[in-house]
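Lettered A, B, C, D, E and F in written order, each chain numbered from 1.
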Amino acid sequence: MKKQLIRNLQVGDEVETQALVLECNRGNYSAPHRAGEFFLKLNLGDVSGSIKAILWDTAGMKELPRKGDVIFLRGDVTDYYGPQVVIAELRKLDPEKVNRSFFQPVSERDPREMLRELKEVINKEIQHPHLKLLLLSFFNEQEFTRRFALAPAARTIHHNYCGGLLEHTLEVIKICRYFVSLYPDHLRLELLLTGAILHDVGKIEEYDPASLSFEFSDRGKLVGHISIGKEMLDRKINQIPEFPVQLKLELEHMILSHHGMREWGSPEIPKTIHAFALFHADLVSARLNQFVRLMEKRPPGEGEWTEWDRYLERSIYLKKPVDEI
Amino acid sequence: MKKQLIRNLQVGDEVETQALVLECNRGNYSAPHRAGEFFLKLNLGDVSGSIKAILWDTAGMKELPRKGDVIFLRGDVTDYYGPQVVIAELRKLDPEKVNRSFFQPVSERDPREMLRELKEVINKEIQHPHLKLLLLSFFNEQEFTRRFALAPAARTIHHNYCGGLLEHTLEVIKICRYFVSLYPDHLRLELLLTGAILHDVGKIEEYDPASLSFEFSDRGKLVGHISIGKEMLDRKINQIPEFPVQLKLELEHMILSHHGMREWGSPEIPKTIHAFALFHADLVSARLNQFVRLMEKRPPGEGEWTEWDRYLERSIYLKKPVDEI
Amino acid sequence: MKKQLIRNLQVGDEVETQALVLECNRGNYSAPHRAGEFFLKLNLGDVSGSIKAILWDTAGMKELPRKGDVIFLRGDVTDYYGPQVVIAELRKLDPEKVNRSFFQPVSERDPREMLRELKEVINKEIQHPHLKLLLLSFFNEQEFTRRFALAPAARTIHHNYCGGLLEHTLEVIKICRYFVSLYPDHLRLELLLTGAILHDVGKIEEYDPASLSFEFSDRGKLVGHISIGKEMLDRKINQIPEFPVQLKLELEHMILSHHGMREWGSPEIPKTIHAFALFHADLVSARLNQFVRLMEKRPPGEGEWTEWDRYLERSIYLKKPVDEI
Amino acid sequence: MKKQLIRNLQVGDEVETQALVLECNRGNYSAPHRAGEFFLKLNLGDVSGSIKAILWDTAGMKELPRKGDVIFLRGDVTDYYGPQVVIAELRKLDPEKVNRSFFQPVSERDPREMLRELKEVINKEIQHPHLKLLLLSFFNEQEFTRRFALAPAARTIHHNYCGGLLEHTLEVIKICRYFVSLYPDHLRLELLLTGAILHDVGKIEEYDPASLSFEFSDRGKLVGHISIGKEMLDRKINQIPEFPVQLKLELEHMILSHHGMREWGSPEIPKTIHAFALFHADLVSARLNQFVRLMEKRPPGEGEWTEWDRYLERSIYLKKPVDEI
Amino acid sequence: MKKQLIRNLQVGDEVETQALVLECNRGNYSAPHRAGEFFLKLNLGDVSGSIKAILWDTAGMKELPRKGDVIFLRGDVTDYYGPQVVIAELRKLDPEKVNRSFFQPVSERDPREMLRELKEVINKEIQHPHLKLLLLSFFNEQEFTRRFALAPAARTIHHNYCGGLLEHTLEVIKICRYFVSLYPDHLRLELLLTGAILHDVGKIEEYDPASLSFEFSDRGKLVGHISIGKEMLDRKINQIPEFPVQLKLELEHMILSHHGMREWGSPEIPKTIHAFALFHADLVSARLNQFVRLMEKRPPGEGEWTEWDRYLERSIYLKKPVDEI
Amino acid sequence: MKKQLIRNLQVGDEVETQALVLECNRGNYSAPHRAGEFFLKLNLGDVSGSIKAILWDTAGMKELPRKGDVIFLRGDVTDYYGPQVVIAELRKLDPEKVNRSFFQPVSERDPREMLRELKEVINKEIQHPHLKLLLLSFFNEQEFTRRFALAPAARTIHHNYCGGLLEHTLEVIKICRYFVSLYPDHLRLELLLTGAILHDVGKIEEYDPASLSFEFSDRGKLVGHISIGKEMLDRKINQIPEFPVQLKLELEHMILSHHGMREWGSPEIPKTIHAFALFHADLVSARLNQFVRLMEKRPPGEGEWTEWDRYLERSIYLKKPVDEI
């Protein structure tokens, strides 16, 4: 099905495309002879941007579009305090069948390639039998792997795009591997990498997989990815015979404490060197990505400072210190 | 075996009793001809108090006593900056065989009676089939029930005695029942009582059952009773066929959020009315008990104010406003 | 005088009703021949909602309506980005003479009935002569009782409707009575109930009695209901001969410390068991009401989550865990 | 009665003096034939310092000394891990009759002179009839004035000596007068000075007048000087006919808000310019005094830094930047 | 060049004036035959206020106006949801040549007069040779003095107008002089006044001198006035032969710590009496000015309370307690 | 001169060694015939531990030892509540001439080797002419380099041993190099490494070089290493002709903001990607070292948990999850 990017729509264009309904409000007609009738004011979006739209004639519609729906629409771009689509035809699409990449931003690297890289870590670097069994019990499961490869790492802060979870996980793996090189006597590579690979697995249930805008699932809001991840770990370990108790304890602790502080959602703070290292690897990956995303959001030619970011609580200075470096 | 309460020991008494080793330090002899020899300075305790002790002759001992051991001792109470036992004979006891009530404070009410009361709540007030099955799957398990009945509710703050967990749980049940009477349209009695009964089950693994002084277990410190409780809940629910998904979600959320704030160790804050009510019931039970315990600790005839309490961050004024009320 | 509820007004309706002026701004005419003239853009409200309104012709008006005024108006509902009343006639009403229930939400229970219940508590449960005299000195005063019965318990957070203070006070009484059943050896029923009844009396001066939207009085903002309540208590006690000093001290402390923490406006924290119990009873009543109010505000059919609430700092999940419970 | 300063006592001295009992503990005799007998270990203090003491023979004593008592004692200074008085004779003194200056530090300036200065402020600078009447109603009362002149301004932080309240009040007056010179259009001298004079009157009830070590009274701990001050203000104003309502409101607000923040014990924050100025004058007087007291506590010749002060949360650097300045 | 104050513009007026561009956004034409063309929606300001403006025809413009530019404009005031200038002619002005007082608020006192007062302090009160040399090395430099006299003391909080830095510095000097009178034994006048004069010199680089709306410079945001001031101090002291090391240390410390707390931007807290006094003088000057500015912003006849101020976190009550005082 | 490690001293040993005076207090003789005489109670330390000591005869001493002195002593180890040296002979040593490694812990790696590594970074990785000149202007200065190589990185928290600053700096360099590999498009290697090398140069003045126990210098306490580092940077840059302004700004900002938050002593927070990366590299190096130091402090065979650490606010769990990993 045809797809025009919203960013490219101009006044005067004919439109025939798919879009995500971001907002949908009714408007009532004031003329007495149209009492009870109404029109729809919509805000439509895709991966490239958003646009206003209006649907005047709703009389014959069986089912009205709702926030979160994907629709097919046909119409014209007019100007009403900026461009606005006057919709001539509208119908809902099956969200399972649309091309999600039309609506969701994706990581720069191909998720399949990143997944291959992750599996290579498991195959080549993890020799410990129980750790290897544990990791394979996750990544040999097709549905888990599919969702893991598509999930974002966060909703609004860092790695907030499809494949972001995978990208973030690979980054945390790298940083952990680096920490082992700094403290080889204290950190065990295989254990730390296992923690790195699994620390955010709960995220695949924290986001509503049906949502094209990375909305949290109910369970994500009520249980959270840390406790979901702990539950997924329990389930897998319970299926592995004679999994060492002490090893389970360490892995549980790593997942539960990886946010580092109670205020940040970890029910316990890191009390082992592996949990402490994992927390810092996660922190560094998340924070640098967050900073770089803000830098990249700046509209070009708009001065040396980004806009204020409420998560980082600052603007960023972008001017290069010297060009030749 | 004979037991003399430490509180009752007086200078001049002969001693033959059991005691818990609270501290144990070596002292070196300074005389050149005794180089390499040492004596032991101990601090011994039981449920009634603590006393200093000294063991001069350690030459023939195979195994030295250690902190946490229970010992049998024979000796005399002398005076050395206060009473001090000079030990003539000392041997370790099997901690599994000692009478724990010699060492641990216990609730005023008999745990068996409290357990009966709790089971009656389950039998009489919970009709919902899945909730009833769930509760019975816990309390029909003998080992669980035994540990539940003996556990304290906290180490130093509130209900810190054997049977304290049971006493606290019954209190939270009562307060919850009361809340349902305040908001009958919003709170479902059976669901809230189930949450009240299960909210602290993780405590039975948070404390080291072998410890006579309610020390935390390693898992208690690394995972915590909230996540342990969630894990126990998962395990039980998984064994119940067709347990409603929505009901599981509510119960998980109640356990995870019952500390009310992230700073207080809950990975999520209460977002349902049942979780919110449970948090307040738990808070009120814990805080009132904590306050009353501090009031009761005051040595009689020692003024109108208790000592400063670092958990409550205050002293308490004890003078009665009017005697005749 | 006729009253149409704003919530029911529809485009095309003729209007003849009373309303509260929530906002009132002038608009200038741009045509040169109308220089100096202006129209009024208003926002009008009543207990059921609010609506925009416009008054084109202000030429002959002696006195313009102001925020907080109650007006009579006649006009038509038109559509201008939603319904808007075009006012044909407008005049101010004497706020003392309007039916306040048109403008202020009221408690579900009849204030007179609640007042009867409160007086029964005083009559039946308080036997101590000084406490009884004290309570009667408040509630035998007609003007006090009238204002107490009409006041809200808070402006925006909890029990924010006429009769809310009474409803909240009765709830705190109940919770206190319940606490006495938990700790009968430490809590004196009559003293705690007296504190419960009087803890918020200062609220009747904290709100401007003339305001239909529960605005704070100047004194409410500069002195606050806690210190006003303390002052009212002093005044009453001074009139009772031989009121026991120790009893006065306890009551003063209960009123001053009932917010529990300095950050929450109490100049002292609770240092007696009665003050501590009262604080928790007040907390529980306020917080549960606040939570339930948010639940009830949800527009039906609008998903499983309420909107974000800035006081509770959360959205609430509303889906029922199981229908049959 | 004779008085030797404790600071001057040396090993070998005969002692015959008065002292304040800072601590008093029983010690039991260990010898079997003395079972039931005990001795007393005391810590004695006066304005100059403290010393250990021991009383071996308590057999014939009718009443034991207690913490806070003033005693007459006779004995000898011996050496036992430092100087220690062996008491031969001990009897309690009537605290009302002792010379308090033996035990309590006093301000450098004579309280009577400071009081004269304060009264001159009232006489010469306050012309407004109601303010003058109000101030005189306080300072014409002899008992009030006596206690005001002797009270400290704080227990441990600033102006913590007899006459300290008076000294602090005069300082706040001066700073307020200075603020009026900075903002003459916004600040009324007479009103601000009245607030300055009265802001801490509640302190005279916050400290136990009988205590020689500035202990808080029960009421001081349960009600606090801010609310006590407000109560004293109410009482005086109620006796003045036709005291302007608006003026009362301003004065109440000044007293209640003079700690500036809720965390610092003010139930309301300053919301008028006079309250705001008073808060800053109080803050500056208290903080500078606190800093200077710490500077003066340094033992001479002990390096360039004072000890750590837990109230100021710092050590102070004392080296003079240049000698000739 | 002619200047009409924006506050005075009325619908129907012809406009010929200068203005500062506060905002500038493009609007696209929707008609197909005008594709690619655009108009400008501006917000224009001067010292008296701001107004909307529109420029329909941008076809011939070489350079578009940008935020921060000063422009000359000609046009008419029309009404479009309030007054709006339709611009007929627009051209950019050289910001160096405009009369800054058209755009920036200025202190009430003449900066030259305040500068004279400051220099008199240096001449008459500072005798210490090194301190005098240091101060003169700043104030004998013409460019420094010019910028010092024009700078604001802060952007939005206090003394936020041209000459504000000078006014604030003189006020801090006065308060410091007053503190010396309170603690003459501990504070050296010449040293404290030197610190007062220099404490904010870094502000002249913290603000962009070209900006008519007191924008921060890049260096102001990245280094801050405290570290810039320290750097300026170093530079001057390095040029004075044999400047005493100890005196440099004290001055450095005073500048670095004058915000009093790390959270407020001081890398060290005040640890000398001079630094401590300077911090409080700065605090008092800034806070009182901030409070008074808020009082003065109130539109007359608009009730007794100012609007909410997010820096002071309060509204201010303005009603005078008694008129006759 | 002979050196016996304090850790090895045993009761009965003859002692002839050097030691650092950690504490020194006078004790007075109580016998009347020795009035005015005194003995010394000392606490002596070296790199291996500390021991009590006593010097009975002080009559002929010209100069008493003081805290911080290094002494030569001769005597015997006796037993008095543990080992105690009875000193027969004691004399002060010139602190400049003692072997500092007897008293100060040193890094595991040889400082000269680490210095070589650091210089290689400068030589091989920094090509940019101004950055190279800047770094060489520091490290070509012999005295700077000597002090840099001997300084600790912190007093009590991390890398608290001679050579610690160098070790920490090399670690930060490595982490920064790693960050560049993560974000090659955003981070410039040479600039970030320059910031890493210079970020803590101020530390060489923050510690008193004469102190054998890493005491802060006065300037360290009053100015702090962040502002001292900024000053050193300014001084060097001023000597390099045509150092680019923009590059200076970036380097200043990196040094000032490397503690990341105002509460942690940075007057500005990181607002460039290089400053942000440097802050995280510093944080990770410091925190991991701090954690590992605590792990290594555990006495062997003393359970699975370290003691409580007040800086990390936790105990650490040390049990290895599986032995074979």
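Here is the rule we use: a residue touches a chain if its C-beta (ideal position, glycine included) is under 8 Å from a C-beta of that chain, and two chains touch if they have at least 3 such contacts.
Keep in mind that this is a model prediction, so the values were computed, not measured.
Touching chain C and chain F at once are the following chains: A, B, D, E. Think of it this way: of D-E, A-C or E-F, only one pair shares over half of the A-B contact pairs by residue number, and it is E-F.
Residues touching across the chain A and chain C pair largely diverge in numbering: under half of the numbers involved belong to both copies.
Interface comparison, B-C versus A-E: the higher count of C-beta contacts falls to B-C.
In terms of their C-alpha centroids, the spacing between chain C and chain E amounts to 43 Å.
Separation between the centroids of chain A and chain D, computed from CA atoms only, is 62 Å.
The multi-chain contact residues of chain D, meaning those touching 2 or more other chains, are 218, 221-222, 249, 253, 271-272, 315, 317, 319. Which chains touch which is summed up as A-B, A-C, A-E, A-F, B-C, B-D, B-F, C-D, C-E, D-E, D-F, E-F. Note for the complex: chain F touches chain E at residues 218-219, 221-224, 226-227, 230-231, 234, 249, 252-253, 256, 262-268, 271-272.
On the chain F side of its complex with chain B, the touching residues are 10-12, 78-80, 82-83, 304-305, 315, 317, 319.
Residue ranges on chain B touching chain F, taken from their complex, read 27-30, 32, 35, 218, 221-222.
Those residues of chain D that touch chain E in the shared complex are 128, 130, 171, 174-175, 178-179, 182-183, 186, 188, 190-191, 244, 246-247, 249-250, 253, 269, 271-274, 276-277, 280, 283-284, 287-288, 291-292, 295, 313-317, 319-322, 324-325.
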